[in-house]
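Here it is, the structure, as structure tokens.
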Amino acid sequence: MSQYQHIKQKAYEANMQLPKLGLVLFTFGNVSAADHDLGVFAIKPSGVPYEELSPEKMVIVDFDGNTVEGSHRPSSDTKTHAVLYKNWPKIGGIVHTHSTYATAWAQSQRCIPIFGTTHADHLTADIPCAPPMSDEMIQGDYEYQTGFQIIDHFTELGLSYEEVEMVLVGNHAPFTWGKTADKAVYNSAVLESVAQMALLTEQINANAPRLKDALIKKHFERKHGPDSYYGQ
Amino acid sequence: MSQYQHIKQKAYEANMQLPKLGLVLFTFGNVSAADHDLGVFAIKPSGVPYEELSPEKMVIVDFDGNTVEGSHRPSSDTKTHAVLYKNWPKIGGIVHTHSTYATAWAQSQRCIPIFGTTHADHLTADIPCAPPMSDEMIQGDYEYQTGFQIIDHFTELGLSYEEVEMVLVGNHAPFTWGKTADKAVYNSAVLESVAQMALLTEQINANAPRLKDALIKKHFERKHGPDSYYGQ
Amino acid sequence: MSQYQHIKQKAYEANMQLPKLGLVLFTFGNVSAADHDLGVFAIKPSGVPYEELSPEKMVIVDFDGNTVEGSHRPSSDTKTHAVLYKNWPKIGGIVHTHSTYATAWAQSQRCIPIFGTTHADHLTADIPCAPPMSDEMIQGDYEYQTGFQIIDHFTELGLSYEEVEMVLVGNHAPFTWGKTADKAVYNSAVLESVAQMALLTEQINANAPRLKDALIKKHFERKHGPDSYYGQ
Amino acid sequence: MSQYQHIKQKAYEANMQLPKLGLVLFTFGNVSAADHDLGVFAIKPSGVPYEELSPEKMVIVDFDGNTVEGSHRPSSDTKTHAVLYKNWPKIGGIVHTHSTYATAWAQSQRCIPIFGTTHADHLTADIPCAPPMSDEMIQGDYEYQTGFQIIDHFTELGLSYEEVEMVLVGNHAPFTWGKTADKAVYNSAVLESVAQMALLTEQINANAPRLKDALIKKHFERKHGPDSYYGQ
């Protein structure tokens, strides 16, 4: 049995949650699960329908994007995953989808304002939208550069990838991550819900104010602080 | 067997309706069922997925928010439930969700105008939106204060909690209640539907008028008055 | 066996389609099926959940609204059905729902413009919206007057109930009808779809033109004329 | 066994995907599958509900629209399919639906701007919207002329039907095609998703820019070029 069976299994199970959560049409999404000690991750093979996936079909790739094990080609977004794992060592899973509302925000090239506690329960910043890449980056190694575009945007905004586990890539679509692949999938579903609510909020009240600072702070502490007690 | 088995069972069954009605993502909601004679209520445990719930996992809490029985932590919104039960003695069940449209109205900090008979069949006032709490209340015992924020807003508007069984908490999300936990869940579903229709109504006609007074009165009497005869 | 068994069965089956088609929440809808020779119709009992319905529970009512057979109270909208059957002799079935998009148009008090062939395949006029009733009508026999409000509006606009099998009642919700109860249910689903598309059309292009006259005429003839050949 | 069994089977299976993908209400859609060597295509019979379809009920029609085999009438849109097969020899399947968002764009008579990579992964032009036909064309052989309206619009815009496998017909609804019937169905689902995202994008940011040229080029090459490697 493969020494990577544990992450193949995790990646498989996490990928299978995407269609159940309504986050993907056909194969428009992928999840990976990493083992930082082994320096590799398991990722969905390219173009294989969800109903034909199995743990064995997951592809093992190292953090430079080289395939280590597997008979299928890895997802075309593999290099973006590799860059994020290499630079952000505490990430155990990454998800990319083209979910409807999050992708619409990415296409509109706006960050998602923090309008309420649903958002604040998960992150206390606006959900960032990295600008589209420069022509040079696009013409180069595109998926590789997508990873750096995300990391550079976090650096520019002074955001921690451990606190803000999601990003919109302008003109493209969302990426989410987390300590595990399951958490990354959870974050994708939360992002989609928050993205829908934020659009509706602006439609109901074009001048809806951002969440007040005291509430942002309270919700952050309720979930993340030393005295955290959150759970519904 | 627990002397609270009857409310554990009711709370369990009512909680299980939330995902079926499409009102919750993951664990973003909770239902409680009270016994005013015993001075306690049964509420969903914190962070337990719906598919793992059972009547036995419900937590018994008194009206001051103290856990009386149960091996799990109660929902983080427990104190809000406790305050409402203590102050509004005819409530037998309470529901909190982050359902999409109702939450968007709460985030937009607008009450929901009464536009039609779907709304009027259930309540004949606009659905109130309590303003976000003051910084002092937020920094204090937040969930406890959420209960008072709701009660104070009803007092200010002169609303009866027996006639208006739902509220939006600004920046946050809805709470609904009723004589039973089942009725409170029913009210959550009605609120979500009315919230969606109200947004669509304004999108179709930005100057849509509120329901005329004669219709408000008629629908109120049709359902609630001494000669009530309503039922579809 | 009841001499009305045939219409009880039809009304039962047609009612059961409403939740399957996503047109009702809880019991917010009702279907009836008439036998004009016998001068009666079978209608859903009041307040009974769909999962507890059976043909035997349907209530038989005459065209003046009097219950002829049945142990349950008929739907609270029964008198509206009775008035329509009495005045429009070629109707065999009537449906009332609070379906989301059609109800939003009714609340906005606008008729639905004919924007495309989906609409024109079914009717070649805008979908009419009867204005809210006068205070006098509301204070009188409300459900009875709702029937006349619909008929009067058709008379005023010069519409034929055989060509236009649906109406919005301002501030309230839609009614549809047809030669059979099944056709009336079909029309309710078509109305909901057309109502959603019309709102989206205006959102995409605030100046979207109504369907051109030549297309209205063509689609009318394609489906209804002597040389009709329509079917997808 | 019919010499056309292979395309009957393909057309049947592709038709059955439409309700599963949420692209049709009742019978508002049809799929055909062609065999260019035999000069015929199999198409859904007219007015038959999806649950009653079978491969045997598919109708075989030649590229002039004449029925060759089958006991049912072919779909009323058959001549549109025939014209496209006759003029565009590399098409193996065609789909027509009235899916909600694509139809709303068709009704609004706007082409769908290319806002993001979800769109660019499939085609690198705006999704064209053919204008409504002239009165003369409508009064003539309407479904036949619909085919020419589509072809003429592609010629006018200089579009290749092999690169752009979808079109909106103004005032009407979408048509999609592909090398196979399955691919044509896939394109219908992609179109519906892209159409929804484009509306949402404009609602979030009324000034959302079209996808930048370098990204259009990159995504085109990633999927279609000699060095293509795409797949999620």
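Note that the chains take the letters A, B, C and D in the order they are written out, and that residue 1 is the start of every chain.
The criterion applied here is as follows: a residue touches a chain if its C-beta (ideal position, glycine included) is under 8 Å from a C-beta of that chain, and two chains touch if they have at least 3 such contacts.
According to UniProt, the chain labels map to these proteins: A, B, C, D = L-ribulose-5-phosphate 4-epimerase.
All values derive from a computational prediction rather than experimental measurement.
S.K.: Can you name the chain that lies farthest from subunit C, using the mean of each chain's Cα atoms as its centre?
M.R.: Using the mean of the C-alpha atoms as each chain's centre, the farthest one from subunit C is A.
S.K.: Same residues or different residues where subunit B meets subunit C? The copies count as same if more than half of the interface numbers are shared.
M.R.: different
S.K.: State the superposition rotation angle between the two copies subunit A and subunit D, fitting on C-alpha atoms only and giving a multiple of 5 degrees from 0 to 180.
M.R.: Subunit A sits rotated relative to subunit D by 90 degrees.
S.K.: Can you compute the centre-to-centre distance for subunit B and subunit C, using the mean CA position of each chain? Integer Å is fine.
M.R.: Subunit B and subunit C have C-alpha centres separated by 33 Å.
S.K.: Based only on mean CA positions, could you tell me how far subunit B sits from subunit D in angstrom?
M.R.: 46
S.K.: Residues of subunit B that touch two or more other chains: which are they?
M.R.: Within subunit B, residues 202-203 contact more than one other chain.
S.K.: Please categorise the chain-chain contact pattern as a line, ring, star, complete graph or other.
M.R.: Here the contact pattern is a ring, one closed loop where every chain has two partners.
S.K.: Between which chains is there touch?
M.R.: A-B, A-D, B-C, C-D
S.K.: Going by the contact rule set out above, which residues of subunit D touch subunit A in the complex?
M.R.: 115-118, 186, 189-190, 193, 196-198, 200-205, 208-209, 211-212, 214-215, 218, 222, 229-232
S.K.: Can you check the complex and tell me which residues of subunit B touch subunit A?
M.R.: 25-30, 44, 46-47, 73, 75-77, 96, 98, 100-101, 103-110, 132-133, 135, 138-139, 142, 171-173, 199, 202-203
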